[in-house]
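The following pair of complexes shares a single chain, chain A, combined with chain B in the former and chain C in the latter.
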Partner chain A sequence: MLLRHTPKEVTERSALVINPAKTCQPIGAMYAALGIHGCLPHSHGSQGCCAYHRSALTKHYKEPVSAATSSFTEGASVFGGQANLLQAIDNIFTVYEPEVIAVHTTCLSETIGDDIKQIRDKADKQGSIPKGKHVIYCNTPSYVGSHVTGFSNMVKGMTEVSESTGKKNGKVNVIPGWVEPSDMEELKRLAALMNVPITLFPDTSGILNGPLSGEFKMFPEGGVTMKELKEAGDAIGTLALGEWCSADAARNLDAKCKVPCRVLDMPFGLKATDRFVDSLRTIAGTSVPEEITRERGQLVDMISDTHQYYYHKKVALFGDPDQLISMVEFLVSIDMWPVHVVTGTPGAKFEKRIKELTAHLPFEVNVKAAGDMFLLHQWIKNEPVDLLIGNTYGKYIARDEDIPFLRWGFPILDRVGHQYFPTVGYKGGLRLLEKILGLILDRKDRDDSESVFELTL
Partner chain B sequence: MTNTAKAIGAEKAPIFEERKDQIHRIGEGDFAMACNRDSLAGAVSQRACVFCGSRVVLYPIADALHLVHGPIGCAAYTWDIRGALSSGPELHRLSFSTDLQELDVVFGGEKKLAKALDELIVRHEPKAAFVYSTCIVGLIGDDLAAVCKAASARHGIPVIPVQSEGFKGNKREGYLAACKAMRTLVGTGDVSSISPLSVNIMGDFNLAGETWIIKDYLTRMGIEVVAGITGDGRVDDLRRAHGASLNLVQCSGATQDLAKMMRDDYGIPFVRVSWIGIEDVAESLYDVAEHFELTRPELAAGLVDRTAALVREELSTLMPRLAELRRDLEGKKAAVYVGGSFKAFSLVKAFRHLGMEVVIVGSQTGTEEDYRELAAICAPGTIVVDDANPLELSAFIKEKDVDIFVGGVKERPIAFKLGVGFCDHNHERKIALEGFVGMLNFAKEVHASVMSPIWRFVPRRETGRNVSDASTATGAEATGAEV
Partner chain C sequence: MATKNKLVQWTPAEVKEELLKKYPPKVARKRAASILINEALSNTTPEIQANVRTIPGIITMRGCTYAGCKGVIMGPTRDIVNIVHGPIGCSFYAWLTRRNQTDAGESGENYMTYTFSTDMQDSDIIFGGEKKLKAAVQEAYDLFHPKGICIFATCPVGLIGDDIHAVAREMKAKFGDCNVFAFSCEGYKGVSQSAGHHIANNQVFRHLVGTEDKEKEGDYKINLLGEYNIGGDGFEIDRILKLCGITNIATFSGNSTYNQFATAHKADLSCVMCHRSINYVADMLETKYGIPWIKVNFIGAEATAKSLRKIGQYFGDKALIDRIEAVIAQEMLEVKKVLDDVKPRTEGKTAMLFVGGSRAHHYMELFGELGMKTLSTGYEFGHRDDYEGRAVIPTLKVDADSRNIEEIEVEADPVAYKPRKSAEELKSLEEAGYTFKEYDGLIPDMDKGTLIIDDLNQYEAEKLVELIKPDIFCAGIKEKYSIQKLGIPLKQLHSYDYGGPYAGFKGAVNFYKEIDRLVNSKVWSYMKAPWQENPELSATYVWE
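Entry: the complex of A and B
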């Protein structure tokens, strides 16, 4: 029992996180930045931060992840990191030749108080930023929020380059939030089916799920271009998927460039996908094609075929707020009971939303923002569940408590597939259902006695 | 096809002007390497920080509490960070963090730390606690030592500050901080029952059970192992570690500082060993035997003979099986880029037993002396590199047309993208690569990856074969389909 140290009794903790359900801001900023074409993310801090983030992303995607670091030393920590960042910008454009450098900060540079904008402007004045190339940035203090906050901050940073020419270009901005490259591909496919020209940002498809080419490309094909980001200011509207991941960027575009925005839940599951498709339709003034209607029908069909197996099955979930909100809604819509929900990311709104989504259920859901896996495990010990959903770190609980476990979220360190198979949209809903059903039935087959062991679903 | 063919040619890496003296091609000019130098700002370095160094060294001490004092990331990324196996407690596999918030950064995190320690020590009753300092703690000036001292007094266990602020340098400084922390434990236990023929296994972390393999050899020789430092580590073992007569130190940096401290504090000599590769394992075991034969001849009768018998026995199983694998691997080329340079030495020799040549060799933290010695045992033309970045590694791999890359997690996908095999010889290895059995495991892993049919589908290498072999002048798809 790896987690033999977890007692059943829940006590109040204020000074301590055990087995976190979050990590720090900069990795979110790094992931977002990878969704820009030709972008080298840059970590303004110690070498370790950058190494950890690259390792974590590499383990999740099984792809090379390049990012540079200001390589802080004791001197930089005393006198500020300006010299390091200036030198870094110069070096990076000289040797790696990216289109854009996306700088994010760390707890170290934030506490020292480095002013990134001022340093960037200085680099520009010095001529370190070649013509036509860019340096964008965001602040990502590790002691505020979580990795989700960092992602959101970098996406907002992208909208800082957007400009309004006063003439709308007919495109719709879609801000997908922290979803997989496969999900981003799926969102583009749906928009194309609906004949809606979109700018998706960030867009890591092609970058973190690329083919084996025999070549190492530091900047693979794919990603939103700086030109597209600039033109995002002329879009007819913005759909921001996920309050935590995407809303800040959308609102910034609205304030800066008067691009009206709508903040939606991430399109996981039937209802959230319905809302996404409908919003896209209304903003662009198109109609929903037969193909999408058919996909929706297939998802409803599969739910009806298998609904008896989901009935009142208890689920524990952990992960990031935007994903969990849509997943809870989906689970409720197929008659499953999300009984424990934990995110490491702070935010009272999260708890409120989950409570609203589960208000009609005959029990009160355990929900916690700024929680951890230790608490989740304690809850599960007190009220066991039939299914656990979350990132790879759930495997300890799943093993100790012998619970079927759906890997979903970030990071997934021990399985593959998330790079290639989306879970957004109706198709993604089918995949989620297939996985959930498989887990439930595998468990049933494992536990059934010989006499009731069944051949047919 | 011409484009692809061109890519195989001697395309050189774009190299920072400042990094030119960290790369050496054997045979081209006099040997000179500038090392142990801070990475260049803006470099895509494969290196990590001080905290990382301390954390990986102390992590395997399984019955200690490891509390990371800092924002959540430092704890999150080092949760269950390496497969350092424990034969008993698993407390080290949990992640504990004070999760510093903005207010803590403004007003200090000392109270929070004290509170966290109180709660954890009461609940888990660890034998000792290590408290890791992170960048931010160094900056806001929390008095880690004072908080630890007070907690130690309250709870009656050693609570040890690890001064591992990330920005103080690279992993090397972290190793030193870890050694300083361990030094406070050494010398506090009862050593009365320890045999004079005894050692500590240092610089081995029991990845995939490797410490157990080495311990088994030593036990068969009649040598008592007092402490694994830190493989399958225990607080009480560390407390008694000064009772050992000899320290066996593997890994260039990780625990050598502690060995030096123990030499100065207790007069315990140390020898540098390597448990990787046939010669190095045998030589290390003989070194131990000869040491005791020299220093304690009255107790060491037959020790060298027993060692020889052990080596013979192990080799008699190993060599025939190695020969089988070698048949396929003969003439293949390897690149080695590892954390510490000691491993690079052993790997160069280990590859020779497979009939393979190491054509690129480098590390994150080697010293000039290390590289000089490496250059001496490698063939002319071999590229020796310190603190490389992905572009350089990629260009070198293509230039030398290697068949397998030995490295860590960040290098794995680079190798795969280029369509060459890979062997993880770092934290995430899943099979034991030390000892004689480790050599066989290593050979199997190299064989599995180098000989994988998948590489026949890689455009770059497939075309390369076509270019060199005019008789198979087929297109990419056609050769791919041959499989």
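Entry: the complex of A and C
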């Protein structure tokens, strides 16, 4: 047994987190910043933070992840990191020539109290920021929230460059939240099918799912441009997908540039995608083309074709709040039973939302925000499940407890596909169902006795 | 393959100039001292700048002190509960990410699959985190009752002044049956992971080594220092040692246990694999307990044979020496068979190695066995002695960054110190050409005119590949895909690309096959689509 020391009996823990279902803010900020065209993310802290974040993102995407660091030493930690950041900005623009540097902080620079805005302005004054280039930033103290908070903070940081000219440009801002490059591509495809001009930010498609062609571009073709971010202030509205990932940025745009916003769930599964498509339609004043309605019908068709295999199957899930909310809704909509739900990200709203979505079920769901995978495993030991959904770290529980395991979330370190095949939208729903069904039926085929083993399922 | 056409042959001086050309003057000056064009000097080894600060903004391969301490050294110790005191990230990123393979053994204790954190929140940063740390240590003890609990400081801990050592002392005294100690390994200390190795090893030596006095059974007792069981390297070395009848008391620290460290002073010889991360522990074991040390290398079949013979010669027992020769002869059969098959396809190809504090040197052996030439190499976190040999150690200057990394003063233990060899025995070994505590570094093994580069960064790596076009580049995960985008395979020598083992005889066989696979893979010929190779339409297709 890989997790042999995990006891079935749940005891209260007030201080010790074991096997977390979250990580820290800066990696979220780094991922978000990679979704800006020509952007080099910069970690203002010790070089280890940057190394860890780049490693984790690289392993997840199997793509180059470029980012720089202020490489704090003990001296910088005592006297502040201003000199390091000024030098870094100068070196980065000289050597790597990005369009924009997106600085995020770390627990180290936050504890010292470095004022990034002041340092950036100083860099600007002393001529270290070439004309037409940018340094944007956000604060990401690692001891608050989680990686999701850091993502949200950097996206909010992007809206700081948005300006309102007073004249609407007819575009819709779509803030996708922390989803895969493939998902971002899918959202753009859906909007294009509906003839809605959108500004998607961040947009990591083209950046973290690039081709192999004998060329290395530190700044590939994809990503939202600084010009588009600036013009986001003139959009007719903003759709923010995911309360945790995207709402702060959307509200900031509303407050700053009077761009009205709607906060939706991330479009995973039938109903959340319905709401996304319907909202986009109403905001932009267009109609939904037959092609999208047909894709929806295909998803409904697949649910009806295979419903018997999902019906009342118990599921345990861990991951990030926005994703879990939509996934729980999707599972419930196909009559699966989410019994244990854990996120590491704090927030009482999460527990409330999951309880609402599962209120009609004949049992009370175990749900915890600021929980960990040790607790989830204990819950599973007490009430076994038919399916586990979460990031790669779940494979240890899945193997010990012999549970079919759907890799979904961040990070996925041992499988590929998430870069290329979306799970948002109706097409993404088909893919999720195909995966879930495959897992359930592989298990059935493994466990059925020879006498009941079936050819057709 | 377009990338393999060497249109221009750059001289080393030109390459160096190209690497520095784009830097601001200050950066260029600093980097110039870390880029050495190797010269064959008659009596000395050329000097290189190493173990100096990373330049802010320059995309480095390096990690932090915490990574070196918790991730590298203590990470593979399977029956100690390692609690990270800090915000959640540091614990998360060091969770199962180093590929230290583990066998839970008879005791069944294995916490490697877990990660433990105090998950500090802003209130802990403001009001102090000692109370939470104590509660976390207590909760870990109540849940697992381990033999040992270790505490690791992350960046903010040093700044807010939590006394983790006082917490450790208090909890150790309270439990009575659980050794609790702490590491001040804040990420901002030192200039690289190397400082963390030092901090970890010092504390292991101070709090753990020699704490159990039980005699260990077995003949020819050694410690294996600086072997971390990445991809099962340690398992393969242990297999070979066992075949030879050599008893490994303690591996520092692959698949290690509390008890192995505690009885390490019972060994009669320390064998140092990774010189960078642990040579000072070998020194301390010698000073305190009288255990001599030698440098070994189990990377490469010939190097493995040489290292085994060196161990045999130390013990000087004919039965052992004969058995070692028999094992080598037996194991080399398979090695030779595979090498004979692979070598015609690898011979003459070229490699670059930028990794670690010893691996860049060790893996040159394996490439040499494959008939491949190492064109350029360097360490990520090495010191000058890893390049130039131990002779430079007395001349190394203490600077602002190394000053705060503790050197422990060790004296001979009044009870446990026992010379393993008499002065006459040592003398006769040395007269026969035997060398103790000797390491000449990487530079003497590199050809004249090759480039040796310390702390190579993203920009320089890309330039090197562009200009020199090696057949394979060896570094880590962060470098892997940017190099491969250029059409050159990158072999990860930190994590082995999830393969291995590469140590010992079976490891050599694995490596030969792996390098053959990489440098001869067809994928590198697929870069361009047919319509990109021949963009001009010369004729249109005529439908029949």
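As a convention for this text, the second predicted complex is superposed on the first by the 457 of 457 C-alpha atoms of A that agree within 3 Å, B and C clash if a C-alpha of one lies under 4 Å from a C-alpha of the other, contacts with A are read in each partner's own complex, and residues count from 1 in each chain.
FYI, a contact is a pair of C-beta atoms (placed from the backbone, for glycine too) under 8 Å apart; a residue touches a chain by one contact, two chains touch by 3 or more.
Please read all numbers here as calculations on a predicted model, not as lab measurements.
Visitor: With both complexes overlaid on chain A, does A:C24 touch chain B (first), chain C (second), both or neither?
Guide: both
Visitor: Is A:N382 touching anything from chain B or chain C once the two structures are fitted on A? First, second, both or neither.
Guide: A:N382 contacts neither chain B nor chain C.
Visitor: Of the partners chain B and chain C, which touch A:P141 in the superposed model: first, second, both, neither?
Guide: Touch status of A:P141: both partners.
Visitor: Output the chain A positions appearing in both contact lists, the one against chain B and the one against chain C.
Guide: Overlap of chain B and chain C footprints on chain A: residues 2-5, 7, 13-20, 22-27, 42, 45-49, 51-56, 58-59, 62-74, 76-77, 84-85, 87-92, 94-96, 106-108, 111-112, 141-144, 146, 210, 212-218, 344, 393.
Visitor: What residues on chain C touch chain A, complex-wise?
Guide: 2-3, 22-24, 27, 53-67, 83, 86-97, 104, 108-111, 113-122, 124-125, 132-136, 138-140, 142-144, 154-156, 158-160, 186-189, 191, 400-401, 404, 458-459, 462, 476-478, 480-487, 523, 526-528
Visitor: Enumerate the contact residues on chain A facing chain C in the complex.
Guide: Per the stated touch rule, the residues are 2-5, 7, 11, 13-20, 22-27, 42, 45-49, 51-56, 58-59, 62-77, 84-85, 87-92, 94-96, 106-108, 111-112, 141-144, 146-147, 210, 212-218, 344, 374, 393, 396.
Visitor: Okay, in this complex, where on chain A does chain B touch?
Guide: Contact set of chain A toward chain B: 2-5, 7, 13-20, 22-27, 40, 42, 45-56, 58-59, 61-74, 76-77, 83-85, 87-92, 94-96, 106-108, 111-112, 141-144, 146, 210, 212-218, 344, 393.
Visitor: Which of the residues in chain B end up touching chain A in this complex?
Guide: Against chain A, the touching part of chain B is residues 4, 7, 14-16, 38-52, 70-79, 90-91, 93-102, 104-105, 111-113, 115-116, 119-120, 123-124, 134-136, 138-140, 166-170, 390-391, 394, 409-410, 412-414, 416-419, 457-462.
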